[in-house]
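Across the two complexes that follow, chain A remains constant while its partner is chain B and subsequently chain C.
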Partner chain A sequence: MEGSVTTNIALVGNPNTGKTSLFNQLTGLKQKVGNYPGITVDKKVGVCKISEDFTAEIIDLPGTYSINPTTLDETIVLETLLNKDNESHPSLVIVVAEVENLKRNLLLFSQIKDLQIPTILVINMADQMERKGISIDIEQLKTELKTEVILISSRKKTGIETLKRKIENYKNWNTEPIASTADRIDKDFFNTIREDFSEMSLYKAWLLITQQKYCSFLTEEQKVKIGKLKSDKVKIKKYQHKETIFRYQRINEILKKVYKVDRSQATDLRSKLDRVLTHKVFGYVIFAVVLFTIFQSIFEWASLPMDYIDGLFADFSELVKTNFPAGKFTDLIAEGVIPGIGGVIIFIPQIAILFMFISALEETGYMSRVVFLMDKIMRKFGMSGKSIIPLVSGTACAIPAVMASRNISSWKERLITILVVPFTTCSARLPVYAILIALVIPDKRIFGIFNLQGLTLMALYLLGFGAAIISAILLHKILKIENKSLFVIEMPNYKIPSIKNVFYEVVEKTKAFIFGAGKIILALSIVLWFLASNGPSSFKNAEADVTLQEQNSGLNSEELQKKIASYKLEHSYIGYMGKTIEPVIKPMGYDWKIGIALISSFAAREVFVGALATIYSVQSDGNNVGTIKERMAAEVNSIGEKRFDLPTGISLLLFYAFAMQCVGTLAIVKRETKSWKWPLLQLVSMGALAYICAFAAFNLLS
Partner chain B sequence: MGDTIASLKIGEKGVIDDFSLDAIPLSLLEMGCLPGKEVRLIQIAPFLDPLYIKVNGSHLAIRKEMAGQINITKI
Partner chain C sequence: MQNILVYIALGLAIAFLIRKYFFSNKKGSCDIDCDC
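Up next is the complex of A and B:
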């Protein structure tokens, strides 16, 4: 009987309690990221073997301070816990708390316990109790909370086995509610609720009543009853406040009996660090240094493995070409599939390094200090201090960044953040920048320490941020939306980031990239290859036509082959497509081949490099495959000048800095703003800006 | 009289008296900011806003505007 039904276990807890660490300990690499039905919040699910014959699905719910939602992520927690038909509805809940903020963590615990789902309280960071002078009487706490309580340390990996042993027995857990605040608030009112909703726990009914919107799973009859009960909004709000106060009173009573802190043991590292990191001068200096370090390391550390990968795939193409029988299929593999896969793999070093920094910084607790430092400044631009997190993670990818804007409670601040995030230099722009910079900017050092190429990259990052800020100011002036902001953030204690958590995050994000964007890149590479190596009648007669044309020019056979290859490309399907758009892009200094790469990169920017790689490798016709960089450097225009010279290079850099070339971002903006208006605005205005800047730069420089 | 969290200086403490239900979100209460609790101002952000406070064991940052609506008695 047990075997066929999977048991769902939900992990619930405040942010910064080490919930994700516990999730990683329980599931290891057996985790996947899915979506909640209808919404695109990441749902992290993993499989955990509790015992020989008991395997459970563990769901890592978004971190929340309370079951009363204020953001979209928190709504998920409520829906999952209340809706019995939800596919993630848990059979039992693990509430993760931590030793230092136990009081606040217990508020959430008390709410969940009152839902009468089997619940266990896990107190994390037990290894730090001694250092912080904290002692907890676990036996007494168990009795008071009518629940199982265990101390664990997800970092030191202690207590995990004990937790599993307890979970085995979850069907016998006590599911009595503990807070029983209802009758102290308003006995008559809550009696009415009891009668109207006898089929569920009192607290669940109360939660359904207090939600602003009706929960999706309610019946019409239930909605009518709820509508009547919640008609007096002021009363409901007052009762919610009272409930919270009563819950804290009860928690205080309990903690007085079981929780002791010896202050003399406590170290003062936190306030020392705070003083420096939120200092009016050092605070900003440190933040700038942190950003600079991240961007420099992406360029410096990633370039070596990237060159290696680039070379590896070029060799591999070569190998296939020379060792496989010549023909269409070999061409497809060597010129379509392998450069295509190479175009995906090449980004892994950059993406991994970037996500490593971002997840490590979030783990330390430093990001909250940055939010605090930046809030007032960001408000001048119509955003919130919390916008810093989307803007910084936008340097990895705009898609998760747009989603990260969800915890900004003011709609105007959130909308502006979403609209300007795509200006930040995402990792998809990096390969385009990297290859163009390597081609047109000399590899020199200035002042002995600064690498000119690195500085150019830095300048492009600043340009992206600058564009984001200026657009935000404009939007702030233009958008007429009432700004009601409820800004409350927790300043968590500092932590050394766990290598394991950072590692899992990097693996997960990199996997998401390879299987998400990677599929598009690979598919486009193959399509491009097909379009570039096939064409209408003039394409098929290429060999005869060129030979005829050039019969008197005295070319040797190698030069003739080259001529034929480029004639073929020009008369392929893609050649015609490129030629059609050439008049539009010529003012920016691009030819039709770059035009093709430009169009393809509207699916995703990083396709640019792969597309050029495919086009040039078809054109090279196997004589000199070389690396992508070599092929681009060798490309010349009609009068024999380098195709990628300084004016064209800078013009392309600017175009990629500003243009909204990412279908994925447009789709997510549509979903998050629930309207096509905003993504279209981004597409048009960013495109226009890109065109104008690229045009101006090209003409000024040449 | 008339003191709020916004009128504290760095390092000063007060006890929260009461606040209007409309101005204060439930989430602030849930994070521990309750009447009768001691609040200490830890740090003020460089441009004088937001404020970094410790209340009822929680370390929070709130904007000055909201802090100005939470009445306290200095201690």
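Up next is the complex of A and C:
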């Protein structure tokens, strides 16, 4: 039997497509395990009797997603397919796909098909099609792919005999390529390849050029030619990306014609869950409950560690003040650096909890259902279902969210998404919201269950989302740009979130917040402290002037010290700067100290709390430094009322909800839109909206 | 001595902020396909 083997058949496919099950079905017990030449990676080979007079050696190649080699497994697959002298080089290839992830599987198929080796597409797990509500027009798929296509179930052992009958006839298979991407990428470049490598197919030559190392079977002359063509590595990389994009475009076109999923007909657990989670009523209710749970938890769980961190930094400041030698540098550390850094560290618990929820929901597969659910709504507002991804990732940071809009194919939908994403409540707003809510919203429960502070936080998140939606509607009506788009999303299977993945995600996101914002806040704290601790002659003479003024007022020593500290701050450089802008911000209910924090936080919103912490810390003049919250709660206005009362607090919350206080986002919008027009529009319109809302809220609530 | 340390810290902070906002070069850390 062994002696009659004449044909090599390679089994290729993505991991987890049931390739090995098919291999076992085809070869039975007639298998052997060896190594690929030159490397110690297992190679499984088995013998299969296709018919009475046709026996084949089946080579089970490692599972791979593409043949653009980035891993050893992909290199093995590619070398086997390209090198005709390789002992495992196949006469035909069986590409194993699975019915549920056909789109991803077809990328690999299209690459192998373009090598012009006789290829058959085997779609495995066909027994699950009905349960999952999937239907495939096989005849149409055969025509589109110019390939034999067979449905099998390696688990139920169906379709194997049909596959063997088809293989018998492999010499008559169509070997035309299906995704001619070369001319669309760079016609001249690929014509050069055609001329230089006329002895082989264009795609094979292109794959050889994209290798990091020269393939072992190349001649010296071929290596020289390839060396010249791949000299511009950036260009090659870019062309590879373009090739993948064009392939997926072609695959999408084909699947649109032949592949249908009707979840309403499906009966598996996933489909039942999908029906509930994407239901036109329950879907939104469940999403609202999920959001509500997240924001309640942020306040419920984070308050204890936050109070602990706040107290720790206050004690640390006190410790430095009392134990270090007295002087300017000690003051800088105790009043500038420690309160500033404390203003960042304190928010770690809230940020970690937020990202723990988002990451866990992404892991379960629920977020993809939210994207699908929201598509119906988003379209009405001039955006795409894909816009929900930037809007959700905007809860972390608007910068990657703006970049995430690149997968929206319609320019109008993409531009609208870019312009409205900064309304989404980012993690930099969270510290500002958290401290202001804690100061002005009572910590009480409604109906004995709902925490009012948590509800306020959720309302602010919804306000940001609502502002994004309303802006999108307006932009959709105003922008005169032609709009055509198609929404395609692959729904992953549901799974239990991996604790390890969630943990790494939380650590990464928290680290990005701490080190991204932390360095800026540290630097700004130093500058602000300096400006608040120095000033012109009136600052330097503060002690003498105040003592003289108050000599008959009967103030005790502690009261006099407070008066001097307050006078010094008012006559410091920062005091003069704040006083200059005070007329502009006073209608919103802010004094010059809040004005300084507003300006400082123009670079990054989260600086607001750190800046106020530094200013109030300098003002305290070393007496009872206290926590950030205590210092803000103790601040009074000129008539002795709380500075952070309800009208001012709500005014500030609304200002931060709408204002474009982020230089980084402006820069990225400029880069993505290739124009200053759009970021300037955002800056001015969001700033105006923030000012009007803050002004209205303060005056209505006062 | 403490005054000198304050001015060094201030200088470093200002230099960092200027570099961050006026001479920021993000190309090096770009990890997605964005033609950069």
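To be clear about the criterion, the second predicted complex is superposed on the first by the 443 of 702 C-alpha atoms of A that agree within 3 Å, B and C clash if a C-alpha of one lies under 4 Å from a C-alpha of the other, contacts with A are read in each partner's own complex, and residues count from 1 in each chain.
Heads up, the rule we're going with is that a contact is a pair of C-beta atoms (placed from the backbone, for glycine too) under 8 Å apart; a residue touches a chain by one contact, two chains touch by 3 or more.
What you are looking at is a predicted structure, and each value in this text was computed from that prediction instead of being measured.
Engineer: Between chain B and chain C, whom does A:K84 touch in the aligned arrangement: first, second, both, or neither?
Structural biologist: A:K84 contacts neither chain B nor chain C.
Engineer: Regarding the shared-chain residue A:V371, is it in contact with chain B (first), chain C (second), both, or neither?
Structural biologist: first
Engineer: Can A:R445 be said to touch chain B (first), chain C (second), both, or neither?
Structural biologist: neither
Engineer: Of the partners chain B and chain C, which touch A:K228 in the superposed model: first, second, both, neither?
Structural biologist: A:K228: touches no partner chain.
Engineer: Contact-wise, after the overlay, does A:Y65 reach chain B, chain C, both or neither (first, second, both, neither)?
Structural biologist: In the superposition, A:Y65 touches chain B alone.
Engineer: Where does A:H241 make contact in the superposed view: on chain B (first), on chain C (second), on both, or on neither?
Structural biologist: Once the two structures are laid over each other on A, A:H241 reaches both partners.
Engineer: Which partner does A:I520 reach: the first (chain B), the second (chain C), both, or neither?
Structural biologist: A:I520 contacts chain C only, not chain B.
Engineer: So in the superposed three-chain picture, is A:R104 touching just chain B, just chain C, both, or none of them (first/second/both/neither)?
Structural biologist: In the superposed model, A:R104 contacts chain B only, not chain C.
Engineer: Quick one: name whichever of chain B and chain C touches more residues of chain A.
Structural biologist: B
Engineer: Overlap of the chain B and chain C footprints on chain A, residue-wise?
Structural biologist: Comparing the two interfaces on chain A, one with chain B and one with chain C, the shared residues are 238, 241.
Engineer: Provide the residue numbers of chain B that touch chain A in the complex, in ascending order.
Structural biologist: 21, 25-32, 34-35, 42-43, 45-50, 52, 56-63, 66
Engineer: What does chain A use to touch chain B in their complex?
Structural biologist: Within the complex, chain A contacts chain B at residues 65-66, 68, 70, 101, 103-104, 107, 234, 237-238, 240-241, 244-245, 248, 271, 274-275, 278-280, 283-284, 368, 371-373, 375-377, 385, 485-493.
Engineer: For the complex, which residues does chain C have touching chain A?
Structural biologist: Within the complex, chain C contacts chain A at residues 1-3, 5-6, 9-10, 12-14, 16-17, 20-21, 24, 32-35.
Engineer: Which of the residues in chain A come into contact with chain C in the complex?
Structural biologist: 238, 241, 325, 327-330, 332, 403, 406, 519-520, 522-524, 526-527, 530, 603, 663, 667
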